[in-house]
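What follows is a set of notes on a single structure, which appears directly below.
We call the chains A, B, C and D, going by the order they appear; numbering starts again at 1 in every chain.
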């Protein structure tokens, strides 16, 4: 048949199966979302609805791929954790990576108009990467790293945009004022100059969003659903309360 | 700072740079598009508008990533060829793979309503893979493999759906009738029973779609544009006419 | 300088650093040792001195690479376990793999004449592979797999060679006699026909050789040395007695 | 059987097949050969016999692995080029890498006493790496890079050791005298101060050693043999004379 003399090219595909018994984390990240958020007029420092689009897209991914035990999102990034034992797509790295990235991307567009007023000006784009963690401690530290990141960035951004939007500082002036300050300084500035207790701001902005599978009551029946939490996952308390994450198949 | 004791987890990311001086092909493929095409009532054997959505999404990818010198699509798949010397994203495999897959996916949703009547019932999903080809011959053979595939499938599908839709055969009966037939037999069947000269059917169905960058005249100016072709790329003629594909940066 | 226009070729070397926090096992295996053992007239079923050459070569490897916490050898193979946290050679896979394989190979030749009467007829050759184990259980199971292997093989070989060398059976006859027998059958055969209690045979033949680092008394001083053991490492007892293996740097 | 519950660990071995249709270069390098050459009293700047040991070991490797079309050695390193189409060991990277490195290492020890007076004080060790080259030009440039390297180093070393051994300069004084000089300066120095025409020194020192397979006449018969050459492989002349290197199977 005509095919056959070309079919040898299939042998150039290389096996990319992931080592067994390690946690598989896939993190997606918005490409040039600074520009994207400007074009679409995101509220500063946080646009609740834009975050809702992210969360809705991530929820769609978790509903499709049952071996994801936890997702964690903040800003324009989302991490998906596949359970250590997953055999989904034979643990082929590119398959797992692209299915998650693709479904997230198409779902983001599908969800957009449910939350946002402006129409999408152009197609959003996300990169994705696979990172492997052998131990529970490594996995917890990974998630803690991302949550510590949102804390640092959000405290800064909250102070920055207050200075710009309410005190009329230029971006450069606000930057200069915050340069070299510690968390305590920024908390104090928010409280003294704007009467804001940072810890009272919405948890979604301060902690990001954790998606877990939970059994929920719907009318008289219970079923599993993906639920969003905005808790402190750096604390050991979180892991005691949600033991299913590190357990076997949920 | 709070971050630092967790930051070690970044060291678990592994380098995935692609070998220099090889053609990089990224092929994306619809996930469960058999069901997807049923849900969205695609015309059989080919839905012109659904193919237009694919082509439009692929065009968006080529417009964004300038180092793609050719794209080739058929059915629910599309291949993108990065020039051998590309340094885009430092040739990091996951970056190239996910940017292409993500932008294709989000663009597919964005383009949908321009061509299709039914609204999207759910988010489409594509997988993607990276395949490397060291020589021009390997690359040509790869593309020929995909084009030979569309020929074989489309001839079969054309005959199959004619039998089902016009002769009222069941799927099983049509399958049985075509089992073991050669191309010549199917050509003959189409001609004898349906008066169809297969070679006169639209080239897009028979050859798939090749996207190339060409300088086009727009009014009084010329500019580069992504143009669709439905030519025979298995022939040497094609490569003589479009020397820019295997040339240096276009 | 003349060099520079060629130096770009260095960029074709690809990073092969091993994922952090996993056990690194390097197993070397004799190439065509069936023929090699015949050429050099190894005693059957076990040649004590040939095993001593293997053990001496492995000891040389452990003395050179301090991050190897355990080595396990049997027949013509040896496994070396690097501690999970090793940073030796930046965890570059090819470096670790080839240093171990190379030093084992050259040491094997160096040690040969200390134990063997016949001179080496030709240079021996070993292949090597890297296998990664994320958990302690995986690592123990790996070593247990190798030790279970020596048990099965050695019991068979012991019975086989007794039948051939003492009862005068041909190889084919011995094979036929043992086909389909269980361990219990072979134990029984050895006892009934040859008066041999398999469990009284030398432990090195039945269990293989485990190399560990131990503090030993030499005269009035103590120092660390590589010591050979022939214990049952499938039992939990072994891991309780030698806690340093899974501990931190020894 | 006892084995089976442990056998799952075999699934942790990962596929490492090399991309088809690329040149496979394996380069081995002496570990700490500066110290090794001191311990064994190598002549400076070049020890003819020590190089002969290297060449003999490399010849043994080429005789064993028939798909190596060329080897190139200088100082304490040797590169082996497998033909692009090789299917040896299913192109498994670790197999190719360790077989070459192991056989080179054991052969080095085997060959030692044929050339050297001092006995080996300890086992030598080599690292190995795999580098892939997609095009003939890349491969030629790789070999040119290594030969340019030997030129630069050997000219320097020749001048350096003349100054130290014949003029009685200390190492530091010789280094200072050569710092910042060009090739022409060092040629001139050798000629003016020592009456040496660098180009008349043995080609093995200036060009390294190229091993090729050639048909040679032995008595009345001809057979294939591995022959050493000390030619300039940077020139196009070399590739015209030895077309079999880039040809099909030799």
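Quick note on the criterion: a contact is a pair of C-beta atoms (placed from the backbone, for glycine too) under 8 Å apart; a residue touches a chain by one contact, two chains touch by 3 or more.
Here the structure is a predicted model, which means the values were calculated and not measured.
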| item | value |
| --- | --- |
| Winner on C-beta contact pairs when B-C is weighed against A-C | A-C |
| Interface copy of B-D among A-C, A-B or A-D, judged by whether over half of the contact pairs recur | A-C |
| Computed distance of Cα centres, chain C from chain B, in Å | 51 |
| Inter-centroid spacing, chain D versus chain C (mean Cα positions, whole Å) | 30 |
| Centre-of-Cα separation between chain C and chain A, whole angstrom | 46 |
| For chain B, residues that touch 2 or more chains besides their own | 12, 14, 19-21, 132-133, 138 |
| Residues on chain A engaged by chain B in the complex (per definition of touch) | 1-3, 5-10, 12-14, 28, 31, 60, 64, 94-95, 97-99, 101-110, 120, 122-133, 138, 141-142, 144-145, 148-149, 151-152 |
| List of chain B residues in touch with chain C within their complex | 11-12, 14-15, 17, 19-21 |
| List of chain C residues in touch with chain A within their complex | 19-22, 132-135, 138 |
